[in-house]
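Pasting in a structure now, in structure tokens, and then I'll have a few things to ask.
Read from first to last, the chains carry the letters A, B and C; within each, the first residue is number 1.
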Amino acid sequence: MVAAGIDFRLHPGERHALIGPNGAGKTTFVNLVTGRLAPSAGRVLLGGEDVTRRAPVERVKRGLARTFQINTQFMGLSVLENVRLAIFEREGLAWRMFRPAESYRAVTGEALAALEDLRLGPLAHRRVDELAYGESRMVEVALALASRPSVLLLDEPAAGVPAEGSQAILDQLARLPAHIAVMIIEHDMDLVFRFAQRVTVLDQGRVVATGTPAEVQSDAHVRAIYFGERAHG
Amino acid sequence: METLAGILLNGVASAMILYIIAVGLSVTLGLMKFVNLAHCVFAMAGGYAAIWLLQKTGMPFALALAAAAILVALLSVPVERLLYSRLYGAGDLDQVLFTIGVIFVSIALARYFFGPSPVNIAIPDALRGQVDLGVQFPAYRLLVLAAGFMLFAFMWLAVEKTALGARLRAAVDNRRIAEAIGVRTDRLFTLTFALGCGLAALGGALGAEILPMRPTYPIEQLNYVLIVVSVGGLGTLHGPFIAALVLGIADTACKYYVPEFGAFFIFAAMIAILLWRPNGLFGRA
Amino acid sequence: MSHRLRVMDVAPWAAAVLALFVFPRHLQLGTQILVMVLFVLSIDLLLGYAGIISLGHAAFFGLGAYCAGILSVRGIGDPLVGLAAAGALSGLAGLLCGLVVLRTRGLTLLMLTLGILLMLEEAANRAAWLTGGADGLQGMQVAPLLGLYEWDMFGRTAYLYSLAVAFIGFVFVRTLVHSPFGRSLAGIRENAVRMEAIGAPVRRRLVAAYGLAAMLAGIAGAVNAQAFQFVALNVLSFELSGAALIMLILGGAGRLYGAFIGAPLYMIASDTFAKLDPTYWLFWLGMLLIGIVMFRNRRAR
């Protein structure tokens, strides 16, 4: 049993962090929410609608977007192309067969603006597999944002990024549109405490504590779990 | 009733040949995940080797078969070490193209050394007659039948009961974990590949009476062998056995009862089965 | 690769037109090359862009060939009608096959595509009353092109016909590849998981690509049938699928140019050497394939 008895609520515009030791089931939780995994019991509700039986693609259309813990992008394509693909899908233009993709100026314009917003503008025409790791982590976020989600799930956006890079990422996360509900999985406690309004702690597939960062930090149970983990972060 | 028995017996005999050739492919595909379309090249090599040995030396039939199988198995080792092993991680397309190349080279070599026409194998006089099993049945095919079953039983025991078999099964299930507990997978691969090729050679030689040797053999038999392997499921011994039985009997029956459709139903059935069970009847995911 | 027209895009076609005047006695080979260029383009779309490896694409080539051929035997001789019918039939067949086959991956997918080809070949072989069986389709009566141009015995009409169709096919594929649809195929090929995560219905796109590639293959087959006024059983052979794959790999997949390099190279080499010594040709072709693949994988595993 990887996850059990999780009753989790994410409110509009909320900034929520999901933390827990390795193997606690955080990514599994994200996969359940996005539909890559099917729950053996329970429901997933998106904006009040029961989407438990809906395929991941349909949940994306209903405003749910995610990033991946490991960089999952279109490596051989440019950053601009990556984002453009997401916009084409969103706008239902991906079936068009007779005009070059570049000629859709509105799409290209929006993609460039989105990249500018995330300080990725200068990298627009570089291939994704040529970027520094921290830069491509931001492309992950750009891809997810291009779907104009109302709910955004970020799976360890700063994972593996050196300190200056993760600061830049944190700055961008702070500037995310206010109406999007954002749930972030993180190990970096600094980031968690600066970013989150509420925190949920998972351990061995169960919710151990939930509340404001201060409440969670002083929770005895949580401290017990993390006592041995502190050295590893 | 007589024809039914005849169809069954002939079907099972062809099935056994098919099985002996195909089982090596099923195991290597399951183990190395390598799409070896050139598997039947080794069967052809075994057939030609046996024919050549029988003609040049006067050795007994059974010995010639065994020698041919061992010869091909030995030859397969440098081929695997130098060529195949570099492509285990390569994409499907590269593996397919490589094996097509091997097929072409082998057809050319076969044509060069043995000529373009079918060559028959000289089976011993003792086996040329018919046996009365209620219905007249060629003695040689009876031998083939028995050989197939015995081989299956022998391999089953070897894999299920021996340490080598256990290592093989572990590596098929999960290569990384097997390596982590100390199984030398690259040596295992070479050994398994050699075994698979040796079996294919044995099948080719044993079946040369039913399926004569010709340069285009690797392509002609490829269809049926692939069907047996994909329908039976990868990485098992019994999967291709059952698939070969079903295919052999159904093919013989179709050729007898509905010759105007030929192998059409076989292919249609294969498609249907693969859609129902994409991993084959007994395959693992 | 930019969508703007460059010299490289136009040059092969200019060369093909020139060839009409420079090699007037080799128009038959030229026609064959053009047909193969179109067929290989369809496989490039399938393999190089959508990333689907199929061993059985010749099924649609053959389907188109027999469609156009049988129509002309039965009295519907106008080549453009035959062409349209062949394209429609194979496109539809491609969509159906795609729906069925693209639920699987890897070896199973390979086997299914091969199985469909084998099934069709066997059917064509047995239904001799319709297809002529192993002897080939006899009695094709192809009407003059556009009602004006007779099929001359030098093969000029056939050559220009196949040149025109191949060119239109190329323009179609080129447009498709640069369009949002084509870009989404590239995305699927690069990372299907990510495409799903941005809301792309991956399987539906692949089925559409499959259908389009099938349609193009069928058109190539129809042109082949009409240009040579004959359909042999080998239009449904594994050898044809294999040869086309080889042509694509020789020229390079995923860039559209592969067809223009690989098809003429293979066809001319095959025509020259296979006539001299088929065994020699087969041997060296096999060695070349092995060499190419080993070279591409030369780094230690």
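Simple rule for what comes next: a residue touches a chain if its C-beta (ideal position, glycine included) is under 8 Å from a C-beta of that chain, and two chains touch if they have at least 3 such contacts.
The structure displayed is predicted, hence computed values, not measured ones.
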item	value
Centrality ranking, top chain (CA atoms only)	C
Farthest chain relative to chain A (centres taken as mean CA coordinates)	B
For chain B paired with chain C, centre-to-centre distance based on mean C-alpha positions, whole Å	32
Chain A-chain C separation of Cα centroids, rounded to whole Å	43
Gap in Å, rounded to a whole number, between the CA centres of chain B and chain A	50
Parts of chain C lying in touch with chain A, wherever the complex brings them together	3, 175-176, 178-184, 186-187, 190-191, 193-202, 205
Chain C contact footprint on chain A (complex, rising order)	34, 56-57, 60-61, 65-66, 68, 72-77, 81, 84-86, 88-90, 93-102, 104, 143-144, 146-147
Chain B residues touching chain C - in the complex, by the definition given at the top	29, 35, 83, 85-90, 92-94, 96-98, 100-109, 111-112, 219, 223, 226-227, 230, 234, 260-264, 267-268, 270-271, 274-275, 278-279
Chain C to chain B touching residues, read off their complex	47, 53, 55, 100, 103-104, 106-108, 110-112, 114-116, 118-119, 122-123, 125-126, 238-239, 242, 245-246, 249, 253, 279-280, 282-283, 285-290, 292-294, 296-298, 300-301
